[in-house]
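Worksheet for the structure shown next.
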Amino acid sequence: MQKIAELIKKEAESLLKENKVTAVWAWQPGEFYYDNSPVCFTAPEQLDKLVYNEFCPSNLGKYLMAGSKKNETMAVFAKPCDTYGINQLIKDHRIKRELITVIGIPCSGMIDIKKIKNQGVKGIISVSVSGDDVIVTTAYGDKNFKKSEVLLAKCMSCKGSDYMIADKELGEKMEVKCQKLNPEDGVKKLEAMTSQERFAFWQQELSKCIRCNACRDICPACSCEQCIFDNQEAAVAGKASANTAEEQMFHIIRAYHVAGRCVGCGECARVCPQGIQLGLLNTKFAKDINEFYGKYQPGADDDSKAPLVDYKFDDVEPTISAKGVR
Amino acid sequence: MQVNEKEQAAEIVRRSGTDISKCMQCGKCTAACPAGYKMDIQPHRVVWELINEHVDVLQKAVTPWKCLSCFACAERCPRGVSPAALIESVRLSIIRQQGENCITVEEIPAYIDEKMPQQAIVAAFRKYNK
Amino acid sequence: MQKIGVFVCWCGSNIAATVDVAKVIESVKAIPDVAFASDYRYMCSEGGQDLMQNAIREHGLTRVVVCACSPRMHEATFRKAAEAAGLNPFLLEIANIREQCSWVHKDKEVGTEKAIALAKAAIAKVRFNSPLQAGQSEVVKRALVIGGGIAGIQTALDIAEAGYKVDLVEKKPSIGGRMSQLDKTFPTLDCSACILTPKMVDVAAHPNVTIYTYSEIEKVSGYVGQFEVDIRKRARSVKADLCTGCGVCQDKCPSKKTPNEFNQGLDNRSAIYITFAQAVPKVPVIDREHCLKFQTGKCGICEKVCPSKAIDYTQEDEIITQKYGAIVLATGFETIDLTKFGEYQYGKSKDVITSLEFERLTNAAGPTEGHLQRMSDGKQPKHIVFVSCVGSRDVSGRGKEYCSKICCMYTAKQAMLTREKYPDTDVTVFYIDVRTPGKGFDEFYRRAVEEYNVHYIKGQVGKILEQGDHLLVYASDALSNSHISLEADMVVLATAIQPSQDAKKLATMLTASIDNNNFFTEAHAKLRPVESPTAGVFLSGVCQGPKDVPETVSQAGAAAVKVLGILSKDTLATNPCVASCNERICSGCLACENVCPYGAIGGEEKTVINLNGKREQRVVSVVNEALCQGCGACTVACPCGAMDLNGFSNKQITAEVDAIC
Amino acid sequence: MLESEACENTNYNPLIVAFCCNWCSYAGADGAGTARKSYPANIKIIKVPCSCRVNPLFVLRAFLRGADGVILCGCHPGDCHYTSGNYYTRRRMKLLMSTLSYLGIEDGRMRVEWVSAAEGNKFSETMNSFAETIKSLGENVKLRDLRCKK
Amino acid sequence: MLKINKAKWAELFAALSAQGTLYLPAEVDGKVDFTVWQDGTEVNLQATQTAKSIKNVFFPQIENLLDFKTDGLKLSVEQRMLPEEDTIAFGVRGCDVCSFEVLDKVFLKEPVDAFYKARREHCTIVSLACSAPDETCFCDTFAIDATNPGGDVTTWLVGDDLFWQANTDKGKELTEKIQALLAEGDEAGVNAQQKATKEIMAKLPLADFKIDPKIPAEQEKVFNSAIWKQLSDSCLSCCACTYVCPTCHCYDVRDFEIDNKVERFRCWDSCMCKDFTKMAAVNPRVSRLERFRQRYMHKLVYFPENNEGTFACVGCGRCLQKCPVSLNIVKVAKALGVAKDV
């Protein structure tokens, strides 16, 4: 990863120096080794702060929206999974393709610091990663982990090393090495439960929600100028979920609004401060769409018709599948 | 037990499961009936008699005993009426009123013979056990 | 604060018998914003409208709710009345307490409770109604008539006579339709061709009429006043402008084994053919499926013999795109398929025929030149049995539930004509009921019985068997309670009629609705019988329901008048209930554009004032109000609620939901 | 008393919201009225221009506010007055229903039916059968916002 | 000093619970949060931090204030009862204990928030000293002694013993009620643990983090600093930081209306939201930069200015853990500290 970080720095430097772009979106280090945050560089001398390691999960695509409105030229570094979100934003006319330079950067999977901390690790001073080995130095001593076991959930269901959009690719493509997860497995498990069990599951899960909107604000498909839940005119606006029904309403509608547009990046679940398994909802829509209307991967291109704004004459009828009610 | 023709007619129609109000007396059933030439009351007329609650005349007629239950009448009826079912129902009303043909559970063993299909025994029992 | 007026109609006892009107009034009066509430025996009457208008003026009402019959009945009436009193007509809502309340509930308590709930919902909605102004859209002064039978011809002629352009589209190579196949017409026994052909010539010669024969409708878009239609003019393979209609080509054509559709397949025709002698246009077509030139590449005789060099094998289908202000459907009928009626031996015995075939058989221009003879052996039949209601009034699934209406009369006609021409032929008619409501109809039927000794038997035919060169007919005589059998030489089946197969396809293209039997639905069964529910689309002839010739002609004229009502206007008021986009919120994702069936939405890069009150440039959706028809598909596709629908806004519907729940 | 109204006299009265498109189903409902084909009074109809105007939000809102069942009626596929509106409805509602089921909401609380203007009979039959289903499912407690209704 | 052995904790919790509703850190669904204790609750005294702060107990996310009802044109109002049940908050860390000082300054000042006051008065706080601080902890920055966290009662967990020391009258009263369960304990273990904990804290990355005194002092310069742009560029405008923060206290008042009944409730709000303070027509801070700046200016500049130098931050580190894009008060304060224009 270190080598790629160097390549990124060089690329950013030449883009800014040659005035090809006015801004470059990348990551900068935080207080600890693991809390890198997105940053916008506008001058070559700022670039010594640029970082790229196993703790850069954020998709930078959404940050291009503001500059796009001002007709700024921008470059963005994008991991393979990030390119889906960028395509979706282009398709939704939220960023202008002609203004942006997408530079594909390889990724071998991002580490989930929560997985490490959940194993009782506290007082982290530094983290070093080499190959599959992760050594965490803490105030209480060193701890060793296997990278393949502490990857972010979204990386364990990595869609592959190809870029859906890239003006340039840096370095060699990398694979995520781990026990792969199929996001649909979780959905299938829930589907196999009884209606009562599912309701209990979701009630427990959604009642954790504090309506901080992090899931929405990080989502590359949630790019509305004003979210309907913030629109006082829309009769659904609410700052807090007063009860189960309202929580359900928020999450159903949010999942519904991104249905057929959700690229499956898994960021919503990653950023949820309450650890709600939001992927189970979005993946359900994706699974249904694939089953009912044929396979569709949002963000794989920037011009296909999304399933919910399309139809076929012989689409499946909305009849009830369950026994005994019809 | 039915006391008057009106109730009897209603019972016959109910048992047949057919909706006689749909009949428009077109005579298609009669025209289609292979046994019609032997009947004194033609199939469409059977329906008509029931509409008018004339049970007595039906019970005394030969028609119930000439019907082959081929259901050609029902098959051809443009309105979904089944004269055959009505005739079968009339037949039952006669049999049940007579009483002598009734069968009791105790009597069954005597009738059973090895070759008789089980289903026939059950069907007969259902039919005559009244 | 709104001042809402609520008016509750009794509709005589239609509403008042099931709904306690006084209680409704009392309940709505307790709702905030309701400034006035009153009831009236008939709100739609002048007195009722006066009541509403006076209340609007005296109480300064800002919104009105009328609790009455379906808005489909009188919404327009009440809106007009409100407008006359100075209120924007779109500030009025109807609570449907008749069709959807008093007529479906019997218990007064239940009905009253529901009426109150419906009134509350309407009040909740009307609070958010906004005044709307209807826009204007231009009217294209040209009409399209689809179907070139007597219905279409009459409609086209009437429109053309009034001075407007009409295009008449016919699927077959000639106009004329079913009527051109008939021999005589009841009850006057005029020769059908004699009264039809002059009309065909008239319509063809009329300077305002353009006829497209051998043509079909390919695509329809647009709306009343502004329909755009693609007509596929199929390749005739004959140049119409050169052809003189001499008929040499069809005489010389070596391929002569194609069933002749015009004669219901009773004889054969050549591959190049003129439908019938009086065809308009009298230009042959090449049936490419049966033409040797097209199938094998060899032949080309017609081209050689044509004296005017009119044959053109290279002709291709042509698409004509034309704009129209109104469209008339006159697609007519066909007889039903009899394969499910095996008992009649139709298709097995050549001597069992349909009445339409009988018409051709007795027509002087038909396959036998008008001589009544059996198709099996050419002998004149000595005993003919007519069977009525074949497939009509049939709910078994084999036929049609409705009465085909014309069979009783044409059967009487055919029976009578047979007896007249061949007095030695016995005629028996089996019937269920003989229905003769019409001017001179019953007299006609009685003549058949009394003067011509046609033997009418109430009963039906159950089975027909071929026995030697006879047909053995098993039937019933319902009145004598007997089962009969008789010998016949010919059986004529009065086959049920059904709408043309094209009706369904056209209904979809025109978004005109059809009923379960594929007859086009009229906008109102009694009061708008020639209008479809789709504005600007009218109905003429049997495509709307079974009719005889005089009825068809009068409906055709009525449809023409309705068309003229549109064409005589320069502009039409457009439906103001169209989509509108809140540019401040719109993110420009254009999901709306993708779902709009009318192409009424497009993305435009615009400078807009954003939610922070600042100017910024971004793509937003823009609705073309002239094209928008107000379906609302876009409003749901829009995730942020920027797209809304006038008259059915998110707020209005939500308010209704809240009021009901 | 009509059969469908007889059930209204028992204790549980399900509240049902029916969204009907103006051109087919609302006309179908009128047809049911004209033909005096009864259905339970607790079914309240909201008119929309086309079934595609019905936002899943409205459906959820109805449930949230206490509806026990929501039924959406539109023109038969292929017969939409607006050509294609109900095709979108079909996809939207299919997904919504699937998700509601996935969230553990009883199947059958929501239904989509195609009822044409000529099908007054079908309208009434559909409403009777839907009311029956909702009755057997009992009160909607899972999607209801219980505030103010306690 | 008193103590109680692990073996008797169940009895302790039962006894405390008899005195009032007992909130303590417990593990539910893999997450530790303040939970009402019941028999069988999975108490977790090891976790450094609960996911949500103790704020939720005193200032819940949703609180009904009153109901009103219309009958025809008549309106009747029904006040909600003040929460008057006795509660005990057990296992509160030093940072969270100090968060009350911040909230008290807001809610107990005129006009007094009756709901908060009632909850506060009916609650006895039993704190728990930290023995295993995390890298995100920086309470020391605000002179909070995590090893001696205060409250009505302070407790220390040393080995299997929980040491107990009442600090206030309220604390003493509670101690008397459960006296029978407590034994005399020796302070030596506690002292040793305090020393060890401080040594660990010195090793952590934020050990030396101090808020530059020029930040609260140079209000105008800080406000106008160019650094805000770069910092706020990557903020998502979500309010995860606000809702996990123990000292953030903004709320919105809303009505829930059905038919003729209205429930008026308050719910948390965040200055990071676009629709903050919409009730006053508009949110004056239209850009993300302004909203972002507001939150930190409030915590680091305005609040200390109005409250004798108290920062509206207690160094709990929750925002460091929960921000989706790793923005936090430490990053902001450090950036401002080194900014040339401040």
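A, B, C, D and E are the chain letters, set down in written order, and residue numbers restart from 1 in every chain.
In the analysis below, contacts are C-beta pairs under 8 Å (C-beta built on N, C-alpha and C of every residue); 3 or more make two chains touch, one makes a residue touch a chain.
The shown structure was predicted, so the numbers you read here are calculated from the model rather than taken from an experiment.
In terms of the stated touch criterion, the partners common to chain A and chain B are C, listed by label. With steps allowed only between chains in touch, the distance from chain B over to chain C comes to 1.
Among the chain pairings, C-D comes first (most C-beta pairs in contact). Relative to the C-alpha centre of chain D, the farthest chain centre belongs to E. Ranking all chains by how far their C-alpha centres lie from the centre of chain A, first place goes to B. Here the chain at the heart of the structure, going by C-alpha means, is D.
Chain centres here are Cα means. That of chain D falls 47 Å from that of chain E. Spacing of chain A relative to chain C, judged by their CA centroids, is 54 angstrom.
A separation of 73 Å divides the Cα centre of chain C from that of chain E. The distance from the centre of chain C to the centre of chain D, each centre being the mean of the chain's C-alpha atoms, comes to 29 Å. In chain B, no residue touches two or more other chains. Among all residues of chain D, those that touch two or more other chains are 56-57, 61, 65-66, 78, 84, 88, 92, 145, 147.
Taken residue by residue, chain E touches two or more other chains at 256, 258-259, 274, whereas all remaining positions touch fewer. All chain pairs that count as touching, in label order, are A-C, A-D, A-E, B-C, C-D, C-E, D-E. Chain A makes touch with chain D in their complex at residues 187, 190-191, 195-203, 228, 234-236, 242-246, 248-249, 252-253, 255-256, 259, 281, 284-285, 288-289, 292-293, 307-313, 315-322, 325-326.
Against chain C, in their complex, chain E makes its touches with residues 70-73, 258-259, 274, 282, 286-287.
Taken together, the chain E residues at the contact with chain D in this complex read 67, 256-259, 261-263. Of all the residues in chain A, the ones that touch chain C in their complex are 69-71, 92-94, 223-228, 231, 233-235, 257, 305-306, 308-310.
Interface residues of chain D, counted against chain C in their complex, comprise 1-2, 5, 8, 15, 17, 23-24, 26-27, 29-30, 32-34, 36-39, 41-42, 44-50, 52-58, 61-62, 65-67, 75, 78-85, 88, 92, 116-119, 124.
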